[in-house]
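My structure is below; once you've seen it, I'll send some questions.
Labels for the chains are A, B, C, D, E, F, G and H, by order of writing; each one numbers its residues from 1.
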Amino acid sequence: MNFMAVVFVLLGLLFFTGGAVGIIRMPDFYSRLHPAGKLDTMGLLMSMLGVALYTIQEFSLGEVLTGLKIMFIVVFVFITSPTATHAIVDAGVRAGLEPWTQDISREEP
Amino acid sequence: MSQHLPALPVIVPLLSALLITMLGWFKPRLSFPIALAALTVALLSAVGLMGRVLSSGAAAYGMGGWNPPWGIAYHVDHLNALVLIAVLAAALVGLIATRKCVKEEFAERIVPFYTLFVLFVTGLAGILLTGDAFNLYVLLEVASLTGYALIGIGEKRAPLAGLNYILMGTIGASFYLLGIGYLYLMTGTLNMADLAQRLPAVYDSHVVALAFFICLTGLFVKMAFFPLHGWLPNAYSHAPSAASILIAPLTTKVMIYVMIRLTLTVFTPDYAFDILDIGNAIVWLAVIAIVMGSALALAQNRLKHILSYIVVAEVGYMVGGFWLGNRAGMTGSILHIVNDAAMTLCVFLAAGALLTRIREDRLAGLQGMFRKMPLSMAALAAGGLSIIGVPPTCGFFSKWYLISGGIEAGHYGFVAALLFSSLVNVVLFFRIFEIAYFEPLGQGHGHHRNDPSPMAEAPTSMLAPLVVVAVLLVVLGLYSGNLVSAIIQYAIPAQII
Amino acid sequence: MNEWIAFLAGKFNYWGFIVLMMIGIYAIIAKKNLIKKIIGMNIFQTAIILFYVSTAAKRDAGIPIITHGHGMSGHSARAVDYINPLPHVLMLTAIVVSVATLGVALTLAVKVYRQYGSLEEDEIADSIRARAGGDQ
Amino acid sequence: MVEQAKVSPQNRSYEQGTPSPSDVQPEKSRASRIITFVILFVIWLLLSGRFDLLHIGLGVASCFLVTLFSADLLLPSPDVMRLPGIWFRFIKYIPWLLYEVLAANIHVMYLVFHPRMMRLIDPRIMEFDSKLKSDISRVTLANSITLTPGTITIHISIYGHITFHAIDIESGKSLPLIMDARIADIFKE
Amino acid sequence: MSWPMDMLILVFVIISGIGAITVRDLLGAAILFGAYSFLMCILWAIMGAVDVAFTEASVGAGVSTVLFVAAVFRTTRRTRD
Amino acid sequence: MHHFFLFAAIFMALLIIFSLYRAVIGPTVLDRLIGVNAIGSKTTALLILTGLLYHRVEMFVDIALAYAMLNFVTVIAASRYFQKRKGLFDEIEGTQKEGDIS
Amino acid sequence: MKIVALASVLLCGGILIFGTAGFPDFGDPLSPPASHVSPHYIEEAVAETSVPNIVTAVLADYRGFDTLFETAVVFSAAMACFFLLRVFREDERSPSEKLYRHLPTGIILRIDPGGKAPQSNEFEPIDPTWVPHDMIVKTTTRLIIPFIQLFGLYVIAHGHHSPGGGFQGGVILGSSLILYALSQNLRMAIGRMGETVSAVFCAAGVFIYAGAGALCLLMGANFLDYAALSPLFGVDAIQARSLGILVVEIGVGLAVMSAMVWIYYNLASVGRHQEGL
Amino acid sequence: MDLIVSLKPLFAVLISILVVPMIIWSGNRPNLREAWTFAAAGIKFLIVASMVPAVLGGATLEWTMVQVLPGAAIAFRVDAFGLLFALVSSFLWIVTSAYSIGYMRGLDEHGQTRYYCFFALSLSATVGVAFSANLLTLYLFYEMLSFATYPLVTHHQDMESRSSGRKYILYIVGSSIGLALPAMVYVYGVSGTLDFATQGIMPSSVPPAVLMALVLMFLFGFAKAGVMPFHSWLPAAMVAPTPVSALLHAVAVVKVGAFCIFRVLTGVMGADLLTGIGLGTVVCYIAAFTIIVSSLIALSQDGLKRRLAFSTIGQLSYIVLGAALLTPQGLTGGMLHIAMHAFGKITLFFCAGAIFVATGVKNISDMTGIGKRMPITMTAFFIGSLSVIGLPPCGGFISKWFLALGTLEARQYVMLVVILTSSLLNAAYFLPIVYRAFFCTAEESKFDNRMGEAPIWCLIPLKLTAFISILLFLFPQPFLDLAKLAVVQILGSK
């Protein structure tokens, strides 16, 4: 069980790292949203799964409920995160940000 | 019920503020009577408290039934009972006097106005009564926050002044909080009595000294002590007159009380005066405050600006008097808290009364006011004479003690500053009186019977309290001896001579 | 050298609080924008909260909620096991106060903006001066 | 006096949406209330973890209050009878979605860590017409699309026209359409 | 409580604080102030002040940032410092 | 296990640097928003990990949950600013194009 | 100005750093704060109030008076915002054209000054800057708001055993309404919880707190001494304290929720209570 | 010495305050209003006079109103000196009231109600000063007098009166707050009390330099006495209506200043203490300087009232000089001079007013030949000037006689020379007026030869006071007795 937890947490950290790096590396606002919004969500899912597994080892009612609560967080984030991402991108479009594309970026300095 | 008296001056206004909102929202007419009743009850219980203190000494009250170091305790002694009565009485009189004013100025906002005002008084009463250093901060914030709102509602520059007040006030309060935090770090307690017990052991630590300075700085900001006074003049002069009448007499006085409480009760007097030995330096600061406050007042050409700068100078009086460190100076300082509350109330009330008729407080606009509003101007004159320090008004007697304190301490700079400020006040007020007394100049000799311009006094609901306050100035002056011998001398620790 | 490092590290939170406080005060004094000032004010308050919470810290102690094993039956809770709760309580109040102050400050900032059409202190001063000139 | 104003959003692709019936006058049927209450109470028990009388009582009171206040928010549509089926199919949909999300995540991670990332990505805005009808299903689709890395829903019009931003062409080509079909299956539309 | 985390987050807090007062755009400042209070929240949690962390989380995320954004929305984003 | 979670937490904290970089540097407000949103989700995880470090996860879960809920509110509020049809560069002095503002 | 500010700030900081040298070590379990008053709380809180969360016990009972005024601060802040911002006369608004949306069709009407507003229920008034319809955000928030509210209530109710309490719960509840106002529009939020309701609730929340204290006073004990309420609750004094704390927390939650919502209403619509942010 | 607790002093002070509401109430009915004034004045005089027998019997009447500071109360005490002063001023109120009626009605002045109110208040303050039992009470009434007279000084409410009112307040209040108040506080600080006592209250431990400073502070602080650098308010204040100048600037205000200095030197500092370190001499020289210089200035003044004003400055310093001599004869002389000069000077002022009412002339150079038109007035003027110069058969002679005796007694021969010189100077500036009025005929005289006296209400008072001036030479006994008694009370029964 511990092993599973460690693996999941490490996976989660990997996803988080991806998100963090992506947020830096991506060229424009729209493409930054992809790693930022989604990789973090996945990372959260993974690491929380790990933590939840670690928590329910002792298997008392309290521990199980705690694990469930942790998963509840994940569910919640899974609902809100895309919405938040959507809200941001919508704001960007309405604010008139031009998306970066391969062609334009090569032509313009 | 009598053992619960210490809680009442705070609880009753708080509950009534809530009632004002809940009932007044549906029937705005109810808000004034509720506020009136609450403040009356609070004042009565404050008087009762004073009686108890006089008969059986200081009293403590544990909130929630917990004993002091663990729970919050209220503590009543001569000092705070006296200031409490002064503050509540000033608030009550102000409340009655501003009724018409409020109705006109805040037609739709009566309910929030009274709610905020009663909460403001609650905060001040709590500050005065509490025996817990942190509780004081919370109550300070109650009082300040409502004060910000009452000031910021005014026209023109008032919101900006209110915002500046918020920024400065928050810095002040936060500094106080930080200082208390330092004390907590060194002693582990927040109760004033407990602090007083545990602090002497760590007096040699410079953290304690720093804590003291930080608290003091915070309080100086809050009381508008000279270099830190920036917020006060604009805030008081741009506030609507109802608000300035209600706020101006109270806030700075209560802050000075806090300073006294901090220095005398939380720390022992010998810490501030002997170990740190900063009395002299602060008195010099006070000298600068007095001189600059007076000088700046001279440069103003609006009535409320002048009065605001006078408040700044008066703060210098009280701070300087207290930090003289001798009995006479402290007596003067405490007496001046009471007197200044009455004086400031009187002049601001008179200014408010004038403003009901002239709308603009430029000095030039006051022409002929003695004829138009003789009673209001007479009250302004009484207030002015009291601020100048003319016997038998109360201002004279506190100034007396302050000067004798200054002489006793050999601090002639302070004495000179007091006298200078008195002279400046003479000039200031006689400039006002001149303008108001002499007819519009150039209109003939004025030698013979002019057409009497119609009398147009302020509404009676404002005038009557104004006159009462003006008379009170004299009564307070005449009975200041009793005040000192019966109350104030017990408020000062015995080791101060 | 080691003592110095120990000294610096041992009071790290206090250094942090001082830095934050300075940031806050600097913003209040030097920034001309009212909202910036308000942000500075809030940072300042948070710094003090940080100070208090730092005073509460206790090495090797747990959060100040008694575990179910402890305390419910008898006096088994030991003071060294739990972080000092008192500063937390105080700071809850302080946070609430800071939010309340923030609300009022922002309200006033909005009011100022409605009046002068600007949040910059110097621009507001200019327009006040202009209006005063217009009056006379 | 009364005239029709011209609606001109900044961006041409944004037509003013007709408010859905849920915005207009949500119907508060008893059945939906009871279901709301039950759902909330289950959540409460999950959160609370205390089963003594006081806390259960508080839970009932809380759930009742929330139901009273916002039952019409959670379940605006009156036909609550369809719910169990939807839930069942929805739960079946989740693992698939998770799998797809995971796969897409790995794809994006690959992109992010790739040294020549700037060459690999090819962001573009894509669009297609969804066949879904109800709000909830459209939102599910939109969120599913957003949740899948590589695609973000920009806008979903009242006619079901979905605009989304894709980080490269593969991400946006097929998956949204499959999702559309699957979600239509869930909601039987 | 672990001091490396404590230090790390404290440094972040300071950075975001400086960012909040230097950024030349009030909306940005408001958002950075949000970040500031998020980080503060972690800091409290790390220092074991759970209730404070909870309060900071709810206030910082739920109220004060929203109020800032509302105020900026109703005034202006323009700032010169 | 304690040490593992400690290192995980420290690593997570280090990751915040990246998001913070985006939040502080910008360039546009929406980039900052992305950064803050990312900080938010990391914070949620970090809170739970802190709970593990204190061995009291059940206490920290509530905070994390509240956090997850309210982080959403912030993002919606900030993005709503633009949905009210205010442009990204409205009212900002001396900026014409994306990238110039800091 | 900047140099002055910098100089004074550095001076201030220098003094504070100097002062810090005399502090007890960070985390020292023998420092005065750790050894004087707080051990009593830690060791006796459960026995005296039967509340395992010491912070809650101290907050609402030992130092309940602080908290009462903390709530009063929130109340007065909300009242202050209302007082300062609320616009009572519509004529303060310069262009008095009004916009209405016909709900079923989405057509927008512009009513010139002096025009008669449509009376039908099918029209909703909107701002010049209205929020465009955004189905995703609207639907998602609609779905999660009940859960946020439930969570807020949970936080209030479980303040005794886990972190949280009236204030946090109240803020979460308030945020849920703010979220509603953000995602739909302000008018709808006001329709759900009007100004009168928020004002009265806000006062009532503080009143519950202060009233509970005053009730103790009437029962003959000191103010806020919940032990005096034991006859009313029908439990022993210690349990009564615990229940008293619960009552108080509910009051705080109510007050804070309404206060936050109220502040938001006024701030976001500059006192006009039209569509807000 | 008997102490009698009596309410009389309080009533004497209060009566004119109490009449103020009455005056305001009947503001629209001039006759009733002035009846109130008269009634109050009469009652006041009667009350004061009724205390004479008791005081002459050696008793002191006391009434403590309220203890405002420990060791200092607001208290009244009537001793011989105070009674003397109160007697003079309360009697002159009656006279002046009558004169005011004539003057104010004659000129149809505005704001008469206000005028009578503040007049009454001023009198109240004057009597209050006279009856004060301690320095605090003295100061209280002193300040009250300053403020009560401000509206009177600026009665015309024009530019001139505005500037002179400004000067008045600045000098009087400025000096009292700036100098007298701190000195008083210092005295209180070192001695713990402020009560006037027979040989002063200063402890002997106070160093002479401090004493010197204190004396000077009091001397200049009570600027109403017009000692030289602080005198210039007095000529400026002559813009006031003449009855005001007459009563207040010849009787009440300036005499209050002199009275205060008298009290301070004798009751606070103590004669022996001052003589011991020779401080009296210093004050003497200051007074002497004022006497000579003001007389010289008076010579060059053309405005009648201004000349009278400078004369007053000089004469006041006689009183100060008398006090500073600190010998029984000198003190007696000083006290008597208060009374004698009051009657003489008020006569002169009344005359100046009467001339103004009747002819509108203010300057001496325009008065050529006026004696033919207003013989009564100018005769009274002649008597008044004789009294002020100090020639028999007028009261002024007696006081100057005692002063001269005092200088001899104190062996201050320089002062004797000063007194004599100054008397010559007095003659030099008064007698030419009389001469010009009666014996010169101007080329183009402004006055036709018919009689044209001022209204009867103006005339009667000035006749009366002139008559009394002469009477006082013949029967100085009551005042002399009081003064002698007062000297005993001041110096102790040596």
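Note that in this section contacts are C-beta pairs under 8 Å (C-beta built on N, C-alpha and C of every residue); 3 or more make two chains touch, one makes a residue touch a chain.
Because the structure is predicted, anything quoted here is derived from the model rather than measured.
Enquirer: State the chain with the largest centre-to-centre distance from chain E, centres being mean CA positions.
Expert: Farthest by centroid: H.
Enquirer: Between A-F and A-D, flag the pair that has more C-beta pairs in contact.
Expert: Comparing A-F with A-D, the pair joined by more C-beta contacts is A-F.
Enquirer: Take the average of all CA coordinates in chain C, do the same for chain H, and state the distance between these two points in whole angstrom.
Expert: Those two chain centres are 68 Å apart.
Enquirer: How far is the middle of chain F from the middle of chain H, if each middle is the mean of its Cα atoms, in Å?
Expert: About 86 Å, centre to centre.
Enquirer: Go ahead and note the Å separation of the Cα centroids belonging to chain A and chain E.
Expert: Between these chains, centre-to-centre, one finds 21 Å.
Enquirer: Between chain C and chain E, what's the gap in Å when you average each chain's C-alpha atoms?
Expert: About 10 Å separates the centre of chain C from that of chain E.
Enquirer: Could you list which residues of chain C touch at least two other chains?
Expert: Residues 12-13, 19, 21, 25-26, 30, 32, 54-57, 59, 61-65, 67, 86-90, 92-93, 96-97, 99-101, 103-104, 106-111.
Enquirer: Return the residues of chain F touching two or more other chains; collapse runs of consecutive numbers into ranges.
Expert: Residues 16-17, 33, 35, 54, 58-60, 62-63, 65-66, 69-73, 76-78, 80-81, 83-86 of chain F each touch two or more of the other chains.
Enquirer: Can you tell me which residues of chain D touch two or more of the remaining chains?
Expert: Within chain D, the residues that touch at least two other chains are 9-10, 14, 43, 47, 49, 142-143, 153.
Enquirer: With touch defined as at the start, can you tell me which chain E residues reach chain F in the complex?
Expert: My answer: residues 1-2, 4-5, 8-9, 12, 15-16, 19, 23-25, 27-28, 30-32, 34-35, 38-39, 41-42, 45-46, 48, 50, 53-54, 57-58, 61-62, 65-66, 69-70, 72-73, 76-78, 80.
Enquirer: Per the contact definition, I'd like the list of chain C residues that touch chain B in the complex.
Expert: Checking each residue of chain C against chain B gives 21, 25, 28, 34, 37-38, 41, 44-45, 48, 51-52, 55, 86-87, 90, 93-94, 97, 100-101, 104-105, 107-109, 111-112, 115-116, 124, 128.
Enquirer: Write out the stretch or stretches of chain G touching chain E in their complex.
Expert: 27, 53, 55-56, 59, 155, 163-165, 167-168, 171-172, 174-175, 178, 182, 260, 263-264, 267-268, 270, 276-277
Enquirer: Spell out the part of chain D that touches chain A in their complex, as residue ranges.
Expert: The contact residues of chain D facing chain A are 10-11, 14, 43, 46-47, 49, 101-102, 104-105, 108-109, 111-113, 117-118, 121-125, 142-144, 146-150, 152-155, 165, 167.
Enquirer: In their complex, what parts of chain C are in touch with chain G?
Expert: Chain C residues touching chain G: 7, 10-15, 18-19, 21-22, 25-26, 29-30, 32, 54-61, 63-68, 70-72, 75, 77-82, 84-90, 92-93, 96-97, 99-101, 103-104, 106-108, 110-111, 114.
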